[in-house]
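You will see two complexes here that share chain A, one where it goes with chain B and one where it goes with chain C.
== the complex of A and B ==
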């Protein structure tokens, strides 16, 4: 290699460009050091330190939102910094802050080690932030594996609970399978680009721009088509899209509530972020193939998620299966974004509303969960409005937003996606999505009804067996967080503010 | 590029399936089989009734050690490509020591954490 190339490679290592990830990773390591150095009685301050570190990182990212590296590639083309990458960074940081908050509610109920949980959440979040900016299949895969391996540990974190162990095992098997499928697809794409005697072939087929050029020159390459489909299948596993959603209910039920929230919000969004990057970057030339695949997957996912959630009586399984349908709506947005450019913004707006609403609901679930974290039947929500009006109110707002009831943020999110789908002329898919929303109102409102209205019983019949007051009374910080989440959900329904302006660009 | 070029792979898969199925079927059809008998089917070891479980259970300590070995082994693997390009970069006065020192620092931190947590204490 010539000195110029070496120097260019060395110069492209802009460490400050990945400042938030570096700070988050260093803070995660510092937590472990603190745990060793501090005496036992001071350990209860470490979760606070973790939350403060994440808040500082979030603040720094927000202040430096318009970084000097926007639109540039760093680390020899491994990363590409875009506005959407910045949005993803903020999104994942907010999500991990809320997951850490849920952990402060749930973890003290068990005898499991606490510090490692925050460490893992922070490392996984840093990997997600890198994933949303990756510009090379090696970077993409390494970041994705960091996330997946972190989740293997997190899902089975309550290891004295058989359901948590079962969930961990299922996630391990399914995660490994999906990683293998994704890797196989990447290898096929790499092989197609690297094949001699095809126009536009090179030896470095892992970079997204080079791959995009190759696919533009050979859009009907057989190997590349198979590789693309396998990559899509691998990502569909991660977001729980239709033929690959089989692991969702058991894993969501068995995982500790904070991890369920982390899986539902961050992991799904990471998959969608990657999908957006791929569909608009390297695979853009394969639109005739991607369109039908995405539309079919979106329709099947919406219908399956909503129909399967109808009969669920466990709150965590219900959130998991309704989360599948939300992945379907998001896929609808991705499919629309192939022709309507502002649909990418609509997808991110939907993810934001989903983050706020789902975290509010998971926050209520975390406070209500008893000794057995997996046992959160809907019967446990009886009399909730009487026992704890605040939790019941937050639950109603969160669930209402997930269902897409007009004044709330979820409605605006769905509306934007549906308008995008309309403009993209996806009429059939739009019809399926609207049917899905109507179905979802049944089970979402059943949940609200359990919490707010007396269940009629025969006179003299025993009380509902599952009903119990919140096992953890929300602390002041907890009330504030839950209240803010509900407030943001209501406000975002009326006033989209800078987000709305940003959407219209 | 068309699908016909991948015909050999299809042939390979079909061959593998046919041969595997053929061998199993042949052993079923032609193989010697005695009538099932409780004593004949029982586990037999030097004429003595076998005792204990067929699978020996290892202490979890072995797994912890094996896992730590794999961890540090893989981390050393990352050092090898670095040593290959290090001389090239050094010849042109481009310093790439800093990031690697950071990486090694994280490794040392991990080792320290592991010792403090007692993962290397065999007798506990």
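== the complex of A and C ==
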């Protein structure tokens, strides 16, 4: 390559275009340095520093929302900055802020080192933000592996609890398997499209635009079709879609509560974001193949998630399996977005409502969890309304929104997805989804009932063994955060306002 | 000349690969694997794929086999008496072997190979790869840096002894 070409490529490395990711990465490194430099008695301020750094990044991203690089490719085509990429950035930052808040509740109960937790959460979040803007399979895979490796550590973080270690091992094996499947798919696509990176070659076939051109010209290339299916299977693993949901219950139960929330919200959204990029970018020409696959996966995922969640008595397993059904509704949105363009906005709106509601519920769970983080049976929610009306109220709003009860935000999110599916003429899928919602109301309301209504017992029988007051009384900041989440869930149900209008453009 | 080297390296690769399977002592087995990889790297050199040969030696021979050796020595397994094979294992192995033999035979008898080599292509030099790493793929390389740091932190977090100081904090 001539020096001119090299210079041109080097000029496309616009580091300011990934400012938020850089700030997060630098702050994550600074946390580790702080841990070394600060005397031990000041270490308790480091989590606060982590939260402040994330809040500053979020603020900066919001101010620069209309960034100068919108619609452009940077880093020699590695990244493509889009409006949805910006939405994803804000989404992942809000989510990681809330995960850090949950960590300040849960981590002090254990003997585990704390600083590394925040470091990993921030690095994983930065990788998710890059993933949602990737425009090249190399970037996509590197970002995805950074996320996955971070999660291997986070899931097994409470290692004095055998369940956490078991969850870590299961996630390691299944995550490695899914990465291998995804990589195999990428390699097949590369084999169909690509050329070896010899001197003077300007593209390799891993770039999304090149791949899109190739598939438009050869939509029935067998190798590319197999590669596409394998890539979809790898992503289905990450979002926990049927039939790749097998790891969900055990991993969700064993992982520390903040990590469960991180997995449920951020990891799932990252998978959906990648899926949206792929089906509307490089794989757009394969719609006749993608449509049926996505529809079948969505229907099976909705039914499996809801039916499996029916019998769960552990709050974390329940959240995991009902999360599978939410992945199904999101897949329904992705399938609808193939023909109805505003469905992409509906998917992001649904993700936003899911973020608010799920984080509210996980916040309550984090405050209620006892010594054993994996042991969060629903019986533990007995008398919650009497012991702590605030937590019970937040729980009711969050769970109600997850179930999709009007007038909460979750209802509007589901409504938008279902209208999109109706417009896309996915009538059968719509029927399955509505059946799924009806089933979900049973187990979600069972949870609310445990928290709010007296369970009838034989006179003189002992108190319910599981019932206990919150093991950590929410602090003022905790009350404010939980209250804000619940308030946002209620408000977003009545008034979608600029967010809804903007996403529906 | 090249033919002599080809047979030499091919013999080294296959012979030491057979020894990996036949060896009772696992440490010797791992070392034979190392020899086999060296032979494979030699074959790559004969094909002008210098970078591939170098990376193979560096990553597989250098890191992966060393890892195997660590684990073998950590587990300290004694060479045990060979267990008799189960009938199912025997049947599967026989089937796999028969398929392999058939595949090679049909390749030898039926394949029509173009005798002329592939069109002359420029062999990518180490410099070309390095240029790409520092220009096109600079961002992924940086992200991999964070990945490796995260992996290292993970080892520390998941295996460090929990001391009482952590409790007080």
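Some notes on this structure:
Here is the rule we use: the second predicted complex is superposed on the first by the 494 of 505 C-alpha atoms of A that agree within 3 Å, B and C clash if a C-alpha of one lies under 4 Å from a C-alpha of the other, contacts with A are read in each partner's own complex, and residues count from 1 in each chain.
Operating definition for what follows: a contact is a pair of C-beta atoms (placed from the backbone, for glycine too) under 8 Å apart; a residue touches a chain by one contact, two chains touch by 3 or more.
This is a predicted model, so every value here is computed, not measured.
Annotation: superposed three-chain arrangement on chain A; chain B versus chain C shows a clash.
When the shared chain is aligned, no partner comes close enough to touch A:251: not chain B, not chain C.
In the superposition on chain A, no contact is made by A:412 with either chain B or chain C.
By the touch criterion defined above, A:44 reaches chain C but does not reach chain B. By the touch criterion defined above, A:112 reaches chain C but does not reach chain B.
Judged by the touch definition given at the top, the superposed model places A:6 against both chain B and chain C.
By the touch criterion defined above, A:127 lies against chain C but remains apart from chain B after alignment on the C-alpha atoms of chain A. More residues of chain A are touched by C (comparison of chain B with chain C).
With both structures placed on the common chain, the touch criterion links A:146 to chain C but leaves chain B unconnected.
The superposed model built on chain A shows that, among 41-49, 77-85, 95-103 or 113-121, the segment of chain B colliding with chain C is 77-85.
Across the two superposed structures, the residue set of chain A contacted by chain B and also by chain C is 1, 6, 10, 13, 32, 198. On the side of chain A, the complex with chain B involves touching residues 1, 3, 6-7, 10, 13, 15, 29, 32-33, 36, 192, 195, 198, 218, 221-223.
Put simply, chain C touches chain A in their complex at residues 121-125, 128-129, 131-132, 135-140, 143-144, 146-147, 149-151, 153-154, 156-158, 160, 162, 165-167, 169. Chain contact summary for the complex, chain A toward chain C: residues 1, 6, 9-10, 13, 18, 25, 28, 32, 40, 43-44, 75-79, 111-114, 116, 119-120, 123, 126-127, 130, 138-139, 142-143, 145-146, 149-150, 152-153, 156-157, 159-160, 168, 196-200. Contacts from chain B toward chain A in the complex involve residues 1-3, 6, 88-89, 92, 94-96, 99, 106, 109, 112-113, 116-117.
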